[in-house]
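Chain lettering (A, B and C) follows the sequence in which the chains are written, and residue indices restart at 1 in each chain.
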């Protein structure tokens, strides 16, 4: 009997340890955003300060790189989401020849190492005489975000009962009206998930961006990479912490909100 | 498959007769597919073409001409053999360790927490929270935590009575540690998706039929979650083989832990040795295509996405 | 967009055929439903009734044939352009809209004036006017079913299609809804096409019933005529129960014809016999059969069989059901209304059965297993 009782706690205990392990670098990064670091490096604790949070853009190159990343990620996400949603709907709702090939083609970019994609795209752009810069980076980002949007939206489309769209047509809605008034609103949570995923992947991307950015363009990850050799300024930690907290709040917020909404619906029955 | 973990409900299978047909489907498919053809397939072809280019007769640095010269492949396979071997070795080690770490965690969240959906979702969020901070910063954090003079290292040295030459940073161990950490979400999410959908009544039935907990796991849980294990393994192993950040000298590695990715980066961006970089990429891609091919042959393409 | 038709329109299906890869769902269907009628399409699962409904609604295209509504050929018309509305089996209420918006949906698409007011009136007609702001998820099955009905009816369609709409409801609620549906149909004068596998429901509500099997309509008519005079073995077994006797026509007069079964003469009036030569099947409903403890006197107006033994007695509240085994003939089922006479017959007793010749019916085919 004693063995059984210990056994019940082993798994939760392990999970707590595993979660702590997962969160160590996060805590470290956030903690060091409050470090009163003087000079280039931010490796030794020199006292707590809110300075870096207050003056995030004291180092203009840090904020510039964030601005660049935001622009690139927003544009890439928009395009990837539109293209990816269309493909996801087609995959779930339609029958067509070459389905296997299409699935494989969408899967491969997720399984291809970034060095290969980065080098390949750089070679392509070189052969096409596209100068490296915003255009090449955005084109690259759309490419690797596309498959992830498809996977996320596809899961949502599969939960959508086709009879709802038939009911719409039965109630005099033209195909376009069916899409905008029934399909799209019901798919929206999945589309937003896909867009968020795409944004995070794009914002965080380093390898592919590095290969295709050229000399003048610096994204936030590129800034960090170059700074890693010399010393990463605390402002970088601040920005990363902000992004982290924002993402966490959004994700947890939506989960708690839907939980409350679910509870309220159940009590009204 | 992997990222269905982001969706809020399990997908329902659709009746085959409900599928629409017609030509409109190509309006939906072609923009995305053409985009992939242009910016994924063509670059791969570009790599192949570049890998067989010949150096310019003038001997000018970084200039190459179209040709058919396989010497880059010869050079890459022979001279970079250590890196190639190391990449697959580290990837294998990191994947196995990630699997061993992730499975119990995914089991806990996907099965034990099923009775409390809100806590389940929140815990899952914590598992993927590392995703929300740039992986460069995550790796830098470990680098600083394992720095030779860091408090943690001093503590370990004192604990095991080791001398000052003991270091962790720059060893294969540190590289694998970093790889494991950075790719755990890729392993955990497919596992979680599989486990979350597992019908618990099957486990109860097995118990009812006199199976011990160990037997239930070996004979019911594990086989039924094998699809998640396989897709998690693929999504972890394959990208690791091409990683170079963890192994780089600026992060967790040293010059003797370099992987395929480090060589591709060095050759492409620093040495302008485009044929070598492309050839190495092509070799890596070929191995990956073989692995994916074997997987697809056994389980088909239905569950890929 | 077409104008609303104030009352129902008639429906005509000509030569409808529907093939799917691998099998044919509908072979050759001809159907005419007059305007304002409550019509039931009855059949077992897989008989093609839902496919027929979808073809009428425009959600599927027939491989061959035409669909005419109010005399107009709508075979090629898209579903959103047909004056037809459907109440789906799963209700198909839009989860992201309130009940009121669900009901107003069709009105808004047709740009009808004051959609919300009309929607509210429709909801009041089904006694749900007070919960218009709720979401479908918050409603019980019965309430959802009524909303689905209101959502379809509010558009005053020429033809209302109902796809087994009462299937998910419990017995008491189903009975209640059957009465309400019939009342609404008669009040508004629309044409209703109700698809179901529940034969009691069909007979109760419909003016005309069509029994469908394997993609064909086997028999069509008023519920009583279908019940009292089934024409095929399938209809005789699917609609209620039947006792069937098979034999060669041995004797024929101006009024009736007879077959011989194990030495017993079974007669049927010629007017009620579909097939009058060769091997035929004659049937009778169990409630029309009596049993006797002694052999009844021979009578040209009665069919008498026996002796046989009581094999099984079942008490179902309303009636007692007896299963009687007559050697060389088979098992006969008899329903005796439970009117207070305590069972004097016990298992194993020997009895004779009789039924009036005028209650017999002759089928046009033979039951499965008895064919040549």
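Brief remarks on what is shown
We take it that a contact is a pair of C-beta atoms (placed from the backbone, for glycine too) under 8 Å apart; a residue touches a chain by one contact, two chains touch by 3 or more.
Keep in mind it's a predicted model, so treat the numbers as computed, not measured.
In a view that ignores subunit B, the other chains are joined by touching into one piece. Among the other chains, C has the CA centre that is most remote from the centre of subunit B. The busiest chain interface, judged by C-beta pairs in contact, is A-B.
Closest to the middle of the protein, by Cα centroid, lies chain A.
The mean-CA centres of subunit A and subunit C are about 56 angstrom from one another, to the nearest whole unit. One inter-chain figure worth recording: subunit B and subunit C are separated by 60 Å, centre to centre, where each centre is the mean of the chain's CA atoms. Per-chain Cα centroids separate subunit A from subunit B by 16 Å. Looking at subunit A, residues 161 sit in touch with two or more other chains. Subunit C makes touch with subunit A in their complex at residues 1, 57-59, 78-81, 84-86, 88, 90, 92, 94-96, 105-106, 109-110, 134-135, 137-140, 151-152, 155. Subunit A contributes residues 161, 163-164, 166-175, 177-178, 181-182, 185-186, 265, 268-269 to its touches with subunit C in the complex.
Looking at the complex, you find that subunit A touches subunit B at residues 7, 11-12, 14-15, 18-19, 22-26, 28-29, 43, 83-84, 86-87, 89-96, 99-100, 102-117, 119-124, 127, 139-140, 142-143, 146-148, 150-152, 154-156, 158-159, 161-162, 189-190, 193, 197, 200, 204, 206-207, 210-211, 220-221, 224-225, 228-229, 232, 236-237, 240-241, 243-244, 247-248, 251-252, 255-256, 258-259. The residues of subunit B lying in touch with subunit A in their complex are 1-4, 6-14, 16, 18-22, 24-29, 31-33, 35-37, 39-44, 46-47, 49-50, 101, 104-105, 107-109, 112, 117-118, 121-123, 125-127, 129-145, 147, 181, 184, 213, 234-235, 238-239, 241-245, 250-251, 260-261, 264-265, 268-269, 274, 277-278, 281, 284-285, 288, 292, 296, 300-302, 304-305.
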